[in-house]
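Structures incoming, each one as structure tokens.
Next, two complexes with chain A in common: one pairs it with chain B, the other with chain C.
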Partner chain A sequence: MTKDTKVAPYLFLAPFLVLFLVFTLVPLFQSVPLATQHTFGPDASIDVGMEKFSRAFGDPRFWTALRNTLVFTAGSVLIQLPVALALALVLNRKHILGRGVFRLLFFSPQLVGLVFVAVLAMVMFQKQKGLVNSILAGGADLIRGLPVIGGWLPSKSEILGIPWLETLAMPALIITALWMYAGFNMIYFLAALQNVPKELEEAAMIDGAGPIRRFFAVTLPSIKPVAIFVVLLSVIGSIQVFELAYIMLPEGMGLQDSGLTLVTYLFKNGFEIGDLGYATAIGWLIAALLSVAAITQRILNRSEVRL
Partner chain B sequence: MGQDVTPRSSKLVSLPLRYALSPGVAVMLVLSIISGITIAFMETARHTGELTMWTFAKPHYDIYVPAVDDWNTEGKPEVDMFLIGRQVMDRRMLGGFLGEVPTADLLEAERSSASLTFAGPLDAVGFVDLTDSLEEEGLLVKINKPSLSPWTYEGRIFGIPHDVHPVMLAYRADIIEEAGIDMQAVETWDDLYRVLRPLQQRRSDGDPMDRYVMSLWDSESDMLETLLLQSGGGAFLPDGTLAIDRDINVKTVSHMVSWMIGPDRVATHVPEFSPTGDQLKLDGHALCYLMPDWMCNVWRYNVPSLEGKVKLIPLPAWEPGGTRTSVWGGSMLGIAKTSSKQDEAWEFAKHLYLSEELALDLYRSGDIITPIREHWDNPVFAEPDAYFGGQRKGLMYIELADSVPNRPATPYFKQAREAVQNAVSRTKQEAVAQELYTPEQIEPIAKRNMELAHIQVKTIVDANAFLRSDSEEVSP
Partner chain C sequence: MNGKRFSISIPWVLVHLLLIAVSIVVIVPLLYLVISAFKTEQGFLEHTFIPIGEGALGIDWSQLTIRQFGRLFESEIGIGRALVNSVFLSATTAVLATFICALAGYASAALEFKGKRAFEWLVLAALIIPPPLLIAPSYQWLHTLGLLDSYTGLILPAVAPAFGVFLFRQATLQSVPKSILEAARIDGLGEFGIFLVIALPMLRPMVGAFLIITFLAMWNNFIGPQIVLQSAEKQPLSVVIYQTQTAYYSDYGLLMAGTLVSILPVAALFLFLQRDFIAGLSSGAVKG
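This part shows the complex of A and B:
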């Protein structure tokens, strides 16, 4: 082995390792004592032991934030991923006209970025003049004349006043995340679908399997590793949701904490209240939650390999 | 172990360095070097002066430029002024103060930013205590007293106020006066709703838009706080004690909620700082709006076509003879303790904030009334304002400046404001569900929700170990 072959890997790893050490590992270790202190700078810290952690467990707002985060996560996984897979299945067909354009359209929210999408969504979900309520009100007007439904429908003023960003924050966030990430996940599924062995599909077809049977018996098992990976990504990303809520909702959380998420609560405690200890404790609890998600994915992956 | 059984990954690791510089890697390397050099030589903000100042508001920055230039040409310690986003400034300011690393010498901070620095012990506040300097130089009497309150923590003053921000009621004069209604006769909120309710309309074929008397909603926490302060309430007592659940707050919330719901609803939501809100203003969706002095400027630029169609009156009082104004917003100029030139910074702060020229520019360019009382006699404030139907708006605001409510400096005002907002929202929701629409009917619901809000914020306050008598500080 020559000298440069020995040095090369370390040389290439060095920039990452230095940054990881300085900006991740050191703060991570420093955050352990921080979570046991009430602090206002290095010269003003009071040791409070495990109080910050016990406070979290007795804090109703922490549980509200956790519940909202899990609802958002469930919405992301249970709505977003089937939609992404459906889009991928449709756009994987060779005979779809303008297939490339549709792929670009669905992926385009990723190109413009999260902040742009969140600002647009905020405008669309506004009361009175927002696009969403205007479409709903227009749709309601079309069916208002029908005998049973027409009487049941709320007035146009009530529909235009639906408070998406105030007390219906979670549906608004889930719909926006669907718009933002469905195209992104679609790309993973498209890549996976293109690797599904054609001979298996053809064999199933010869055996008389219909499209639904072929999907569940051939396609889905073939893309399962990618699907599990996408689920993990979505779960981790959803548990860390912050920017969407922070930009879209009043005070970053809507009214009555309807859109308060764990990371928003961490941010508010750390940077609006100045309780860095409590924010750090919440950070560790989020880390624990993410670890559970990651370990579950590994277990699922192992069982996949055994299969 | 033989070479043939070496794992694939090890083979990759043992690639010689020259293979790493493939054409692709070489292109990326060249690009990164070029961009690095470009960034290194890019012109950045000039920083040559002896003092630095941060401000968060573009209008403030533009107004200060001539004053800073004047100062710099007088041979005094040169000042570099920087415009920094408010949230960025919050992070850098708090980070600097907590870490005791240099920030700017002078920081202009909005109320929610400055209050962050009051979360620790008094001696850990990152701003210089200006109380003695203000007293010794006779400046305290020159400044409108209520305007000092948000910057006064435990009896010590940490900033010079930038503004007063009294609040009046703006109304659509074109619609209201056409209906023959004299707004000067309105003294209380009850009067207002009694005389303007006939002008409300519901969307129908003839009326393309709902119309309500007042722009007020539970999602606008600033508006709720403004009205609570006007009624003599507020989340905190003057000494900073948390008091969300006091009776005056419960009564005020009950009234505000009664305005937003039921068959006699008189309030609607017209968001500020939003194109939707601007369009609703143009449509006349609401007839009346809370209008702090600075908001006049926002309207002037965002809805210019309402020029001459809007007029002002003092806020209607909660009771006959009651307070006719409130307060909304506020900024201060403070000096960082980490500054090595605190005396020079103090001289510059006085030059900038106390000068008559700046006071006049603040009003001309920003519609903001200075807190320096000796400038209030200037004829500029008596000039008719075409946007507000030729009213002498400056004088009207100045007449209310003494009555602006005090707001104690507390790091928890934002949490209290959010908790009150949630209490109002819950009260509204529960009252609608139970079909209770009068203030008297709503009051028990409001009381319960305000008590819950009080407990929620008290939990946050109690978690501050610096406020406990038995706490012991640990060394860094």
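This part shows the complex of A and C:
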């Protein structure tokens, strides 16, 4: 029995450790030499030193991909998370009818899955027959009769021709991600709101604090740990955006790279051009960007705690 | 405030109107997906949304069809095979990953052994390895191992996620008391028996949540099969739908029917298990 107790832990860890070693650690260590190589298919390669990295810094398409990725990340944090928090605050109030139904409904886009959301969005954002432009054109027709605004509106054919997927790729991606993830992040905020101390809220109410005061003085500090966690998850996820853009946009990136993201660029270099070295170098730069995000978040977190 | 359950006021009405407006924004794309999957080509060209007409309920029924589903299964798209592939890949991955992560997570929380600190450190460090960094080297490594174009090459790298070990470690610390394990040991139960009979039932909510998480992750995995698998007949739904989109670009009815077929099994599974999933998700969030 004692022998069993001694050996058992290692046997329990073994399947994980073996698989982790073979399929995560080995590729991780290989990513160091691979970033300094130029490959000819998966078998043959020559050593090129740091050339792949210097190439990235001088590559305008890399910078475009970086800019697009940061725009997408900003859209997630500045638009999607406030929407998610607002929905959670509303649904957290006791006197809302059908809270459970709304909660499940807002979460439901998550069930469609990233690849399938991308296909659906591709169809909906089409020019001419797409649902988004049709609704916009219909809405514009309703208010066309109004003075001043009516004159500013573009014509119906102009609205139907809005090239979301071709040149307005970033807004289209941000809107799609908003639709898909706002309800998902709402669940995190709802869970966090359960930890807001009731007494504190009531005390603030008795002291005559209005709803906005109460939000900033009581609610926000109580949910801060979860909020910071959700922001970090959102930033990390957004920096790695790939499937949405790759499947939704023509050629996986829109016209003139309007929706080219970092991981899309990595994928195209590695598997369409076959330059695994450059793909790995881009992978390292993405890793660096993710570390910057994580460290920034830690510093922000700490400095705010001191206040 | 006055003891009445619902006090109907202007803000109360406004908040509900807002919630209904958000619901419409959420539902319309889903309805659009379902309706489009049943429209004929003609119906697609003539009507943006529901084909309005002279028929019953004000709908022009002649513009609706189930032909697109037949095309999906009959044509070279072969969605039936892709559906089977997806179910097999996702179910296998979910069961293996949950078992492997539960074993390791339980051991690192409830058992004493040499190197425990090192293992905990390893798991935490593994959490920050960025997946994009591994894409190209993994492809090269799977090629070296001869695992390209095989399900083994797709499943094995997916069944040992470090965050799973972390989740099961936390769940064990929270809901498996050591005194019960000690009592079972005194009763002469072996370590594996204790894990299987005593600990696993106590970890049930996390098991349920993690099964769904890993099932969905493989169902929606696109980059993995896109890189690892080469034969058309091995591809899961995610890749097959993407290929359909490229090959039948403006055949929207067909595309929407394929998308509907791809998401229905998952939606059904989720609705069936949603309590576990939301519970697991929330407990993770509060701890984070």
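Everything that follows uses one rule, which is that the second predicted complex is superposed on the first by the 283 of 307 C-alpha atoms of A that agree within 3 Å, B and C clash if a C-alpha of one lies under 4 Å from a C-alpha of the other, contacts with A are read in each partner's own complex, and residues count from 1 in each chain.
FYI, a contact is a pair of C-beta atoms (placed from the backbone, for glycine too) under 8 Å apart; a residue touches a chain by one contact, two chains touch by 3 or more.
As the structure is a computational prediction, the values presented were derived from the model and not from experiment.
Novice: Given the touch rule stated above, what does A:F271 touch, chain B (first), chain C (second), both, or neither?
Specialist: So A:F271 meets both chain B and chain C here.
Novice: May I ask you to decide whether A:V26 touches chain B, chain C, both, or neither, giving the answer as first, second, both or neither?
Specialist: The answer is second: A:V26 touches chain C but not chain B.
Novice: Tell me the contact category for A:G183 with respect to chain B and chain C: first, second, both or neither.
Specialist: After superposing on A, A:G183 lies in contact with chain C but is clear of chain B.
Novice: Figure out whether A:Q128 sits in contact with chain B (first) or chain C (second), or with both, or with neither.
Specialist: first
Novice: In the superposed arrangement, does A:L255 touch chain B (first), chain C (second), both or neither?
Specialist: In the superposition, A:L255 contacts chain B only.
Novice: Check whether A:L87 is in contact with chain B, with chain C, with both or with neither, and answer first, second, both or neither.
Specialist: A:L87: touches chain C, not chain B.
Novice: Thinking of the overlay built on chain A, is A:P42 touched by chain B (first), by chain C (second), by both, or by neither?
Specialist: Once the two structures are laid over each other on A, A:P42 reaches both partners.
Novice: Going by the contact rule set out at the top, does A:L114 touch chain B (first), chain C (second), both, or neither?
Specialist: It touches chain C, and chain B stays clear.
Novice: Tell me which partner touches more residues of chain A in the superposed arrangement, chain B or chain C.
Specialist: Greater contact footprint in residues on chain A: C.
Novice: For A:A8, using the defined touch cut-off, is the partner it touches chain B, chain C, both, or neither? Pick first, second, both or neither.
Specialist: In the superposed model, A:A8 contacts both chain B and chain C.
Novice: Considering each complex separately, which residues of chain A are in contact with chain B in the first and with chain C in the second?
Specialist: Looking at chain A, the two contact sets intersect at 1, 4-5, 8-9, 11-12, 39, 42-43, 123, 129, 271.
Novice: Under the definition above, what is the set of chain C residues touching chain A in their complex?
Specialist: Those residues of chain C that touch chain A are 5-7, 12, 15-16, 18-19, 22-23, 25-30, 32-33, 36, 44-45, 48-49, 100-101, 103-104, 106-108, 111-113, 116, 119, 126, 128-141, 143-144, 156-157, 159-160, 162, 165, 185, 188, 190-192, 195, 216, 219-220, 222-223, 226-227, 238, 241-242, 245, 252, 255-256, 258-259, 262-263, 266-267, 270, 274, 278, 281-282, 285-286, 288.
Novice: Which of the residues in chain A end up touching chain C in this complex?
Specialist: On the chain A side, the touching residues are 1, 4-6, 8-13, 15-17, 19-20, 22-24, 26-28, 30-31, 34, 39, 42-43, 87, 90-91, 93, 95-97, 102, 104-106, 108-109, 111-116, 119-124, 129, 131, 134, 179, 183, 187-188, 190-192, 195, 225-226, 229-230, 240, 242-243, 247, 262-263, 266-267, 270-271, 276, 279-280, 282-284, 286-287, 290-291, 294.
Novice: So in the complex, which bits of chain B are touching chain A?
Specialist: Where chain B meets chain A, its residues are 13-18, 20, 90-91, 94, 97-100, 112, 116, 119-121, 124, 202-203, 210, 218-219, 221, 269, 271, 274-276, 279-280, 285, 411-412, 414-415, 418, 421-422, 425-426, 429, 456, 459-460, 463-466, 471-474, 476.
Novice: Which bits of chain A are touching chain B when the two form their complex?
Specialist: 1-2, 4-5, 7-9, 11-12, 37-48, 51, 55, 59-61, 123, 126-130, 155-157, 161, 163, 165-167, 250-251, 255-257, 268, 271-275, 278
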